[in-house]
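Paired with chain B in one complex and with chain C in the other, chain A is shared by the two complexes that follow.
The block that comes next holds the complex of A and B.
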């Protein structure tokens, strides 16, 4: 216990010097944590946007859709068999059928290539945030030939509520066909891709337009728990072996990769912080040992073994690092709590919406965000002590006790 | 009388920047249990060097040193540490207390290294501080004490581990004569009442006068060995 006391008090013998290292560790750790929390929060928002505007947690398609997402690959029975399984499956919160095609939408002044998505309004409302993102007009209410488009697409087409559009597609038979519709509502979501490239219309209208008959393209499923998606997918796939059941990661592997990439950036950040920390701590310890050569000689003279001496020096390093970590964690937690309603990024939101990130990013700290730096910092503190320990334990006691 | 320390044909030569400086030239000497002995001589006579060799803080260039029957050259660094911890106590000229510890903690620390329980450590440290008349300083740090007070605590630390022998290197050099006299009285008392063996290196006449055995050193050789009373 006195050994720990000695290490603790030695740290504070030169408060300014220790304070500089502690501050460096704290600022570095807090900075890295905050960067991690923001990038993770951004990634989380990207995922949530993708799930809530398009992907859902799970998608069910006819077999072969993943490799060839064309109209021809469809559920001929209108998804009835899959619907009965999904509606009975435990862990399913909501589901909705969709028709998905591609085409060209033309106004009196402009045209744009779009995804044409036919939905069942009431069910779609439970799997998508589009219904809650209406900024003008009304959500789909069953009125035929009414469409929802994003504000961004409306600007491109230079149209407003009630204006007429023509949606042109190549139908199942390969014929070019079109449907005259009116803008029934405008929406704004955190995704500029959805806002600028999607036309939502009734499932019946889309089937008619694309010549699909009773067929649908997909069923989107939202699970009760985001963490149980993989298990739910496996369960549904087992019961729907003739269909393709994919989770959002399989549907958008790039998104999954980006989340991992953000984590990697965080690890590189920690690497840079801790390498800088390593030299700082080693420097402080070396200076401290240089100032205490005689004291170390005395400790050896009274019977302190090299092992105990090494432990005391590593202890000092761990204390400096530990105090820095705790302060860094406290600062990071305080900042994250202060921004729990999100960091306002409205100035750059136009650029971020391309990635599915809205105007406010809520920073998120995970348990791993603390675990990894704690482990790395401990290892760094031990590594930083290596040279000082070597120097101290190589001192010859007879010379050390005479050192002035 | 049981021999605790023994030097046989000990030579010690220092080398610095290609220059050889012989410090000890063939020392043959033994110290018995319960002795109160001084190594006296002028600066450069080899007193401190010999004390360091007896204290397992340094190794001879040739010859053999024995402590309590163990040949020091046969021991590993870890065994030498253990030997210093269990059998030796040191008192230094500059007191050399651990500055971040209080007086009590300085005395306790040696016992902690010996894995003595906290309660026993505390009890013994307090008793030792009382025996050297500085109990009232138990919670003070070295910088808050006079030199004499620090040296008393250094003595308490030196005997806290129940050593076979205490090696004291110029323990009175930084003290005024009155304080030095009181410190010597204390060490004599510990020698007489508790049987602690003391070996001093000094050129302080006050210490030399009170010793029961005086070993004179000059130019790295024993030139005199007197036993008194």
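The block that comes next holds the complex of A and C.
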């Protein structure tokens, strides 16, 4: 206890010196935390965009779709069996049936390769943000031969609301066929891939275009909680053994990996910051000991143990780092709260939308983000005090008391 | 001045351990800055180089409105006169006329939508590296007929092998339906996942016939002698092609998304560098401040002996800058050879990390590049750091009243 007491007093004996180290720790920690919160927020948004425009949490397909995602791999019963299971399953918030094909969309002036996605408008509204991303015209209202396309695709095709398009596909029988449609609505999502490469139409239209009869390609499911997707997948797969049930991580493993990858970059940053800090802390402790050689000699002469002395020095290092950490955390939390509506990055929106990030990044802090710097800072503080402790405990009292 | 320099130099070595720690921190910062900036420069240059050599070229000659719409409606008539004018423009290393459009590609019952490039096999190699990406079969041959080369992922999706017949379907310039059988001549491996899964290449003559396009082309991609000369070549070409209805653009206008991705990535890296620099800056401030506080008495003595406060200010400043210079010199001595070595031997990246880089359109290789601005910038940063960090301690040292200072211990 005496050691800790001494450490605390030593910290405040030279507040300016301690203050400089505390500021360094605080700046480093706050900076690293903010960098991590921004990259994590960005990763989350990429995932969120993929889930809410395309993947959902869970996808149900006919067996073999994952290896070979083509038109033939379909649910012949129109997904009725799967629907009855999904609609009763606990933990399911929403679900929707879809038909997926690839095609070519042609306007009077241009053509573009697209995904042709047939949806059930009311159910789709619950699983996808496209309905809420309409910027002109109307969402699918049941009128036949009306399609939704992204603003980006509309620009490329040089079409506007009400203009005619032809969607050409190879149907189930392998024949080239087409369907004349009109643009019923335009949308703008955070993903330029969706905005430039997808045509949404009614499930019935897509079925007749692709010659699918009653069949559908997939059912997407949104769970009650984003964190429960693994369990939900297992549960659904068990009850739908003849079908292929995947979650978004399996559908897009890279996206899942990306968040871990961003974290890795964050750890390098912590590494760099704490190595830089190591020098600063060690320096301060050495100085503190250097100017107190005489005092240490006196303490040792009157019987203070080397263990206590070491405690005092390590303690001082830990206290200085700890105070810096707390201030750094506070600053980071304050900044993240200040930007809870997102950081406006519309200047580089084209680059960000290519990856589904959108124009604003909302920084997000996790509990783990605090755990790691705390551990690393503690280790750094301990490491920085090693040499000073060695120096101080090797002092010989008789010489030290005479030191000037 | 010489006296002050000597004083400062001796002060640096008066407490070698303290100075050593500060120098070590500076070295660390310099190495980190030089390598981070070098890696960003290398990776970005590679991304640009890949994109330029795969698609746009440095400069692009195309019809009016092509950048916005990219359809068959925007075209250039690639006749002997245009070819001659492009060839005669100084700085042009190679040029390649292309027809670019979209099509459906089917084999059996599987269909995929593709971006279709119609290229002239004799000229394409002078601009793009497409032909070098073929890893099975061969590239489109000059004089070949109805040959098609597709990306590896696309081939897998269609289960297409060399020699297989694929049905190409699209809408021609005449707005009539166009379809034709093509035989797979080769499969290429492209690092960009979107292209690898959705690019098909046919010959220019086949494309012009398929789309009923006559002697029209969508674009003429041009490779310049040097990426930095793109702007000069663009203006020379604009002059040379004056009077014709073409638009000449440079690669950064063609790929605004790439430019922005690089911008975001750079911002992230500089943020990291700034954080580390600030932390190191506090370290230097601390050292100098300590060095000043423990010499209060000494400063009092020299002030009493008649040294001017301004001289003390300069001594402290010189000490700080000397420390920074030593750190800087050591840091550059370590990092520059390392950077040059890494520039010569890029680091391949494997597994998921490779996947992430491909997702961002980069080849899975960490490349480094030493640009002159890198060591210059690092030098200026470290000197600025020393100048800022030493200000407060220097003021503190020169302000003391000799009488008080002499009495302090």
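Here, the second predicted complex is superposed on the first by the 402 of 404 C-alpha atoms of A that agree within 3 Å, B and C clash if a C-alpha of one lies under 4 Å from a C-alpha of the other, contacts with A are read in each partner's own complex, and residues count from 1 in each chain.
Assume contacts are C-beta pairs under 8 Å (C-beta built on N, C-alpha and C of every residue); 3 or more make two chains touch, one makes a residue touch a chain.
Given the structure is predicted, the values throughout are model-derived calculations rather than measurements.
Looking at the shared chain after the overlay, A:39 reaches chain C, while chain B stays out of its contact range.
When the two structures are aligned on the shared chain, A:286 is found in touch with chain C, with no touch to chain B. Shared-chain residue A:10: touches chain B; no touch with chain C. After overlaying the two complexes on the shared chain, residue contacts for A:300 are found with chain B alone; chain C is out of touch. In the superposed model, A:23 makes contact with chain C only, not with chain B. By the document's definition of touching, of the two partners only chain B reaches A:308; chain C does not. When the two complexes are overlaid on their common chain A, residue A:135 makes contact with neither chain B nor chain C. By the touch criterion defined above, A:277 reaches chain C but does not reach chain B.
Set against each other, chain B and chain C differ in how many residues of chain A they touch, and the higher count belongs to C.
Counting contacts as defined above, no chain A residue meets chain B in one complex and chain C in the other. Remark: chain B residues 48, 52, 55, 57-58, 77-78, 81-86, 88-90, 92, 94, 96, 98-101, 105, 108-110, 112-114, 118, 157, 161 touch chain A in the complex.
By the touch criterion stated above, chain C contacts chain A in their complex at residues 15, 17-18, 21-22, 24-25, 28-29, 32, 68-73, 101-104, 106, 108-115, 169-171, 175, 177, 179, 198, 256-264, 268, 271-272, 274-276, 278-280, 282-283, 285-287, 289-290, 293-294, 352-353, 355-356, 359-360. For chain A in complex with chain B, the touching residues are 1-3, 5-6, 9-10, 13, 294-295, 297-308, 396-398, 401-402.
On the chain A side of its complex with chain C, the touching residues are 16-17, 20-21, 23-24, 27-28, 31-32, 35, 39, 70-72, 101-104, 106, 108-115, 155-158, 166, 168-170, 172-174, 176, 192, 253-254, 257-258, 261, 265, 269, 272-273, 275-277, 279-280, 282-284, 286-287, 290-291, 345, 348-352, 354-355.
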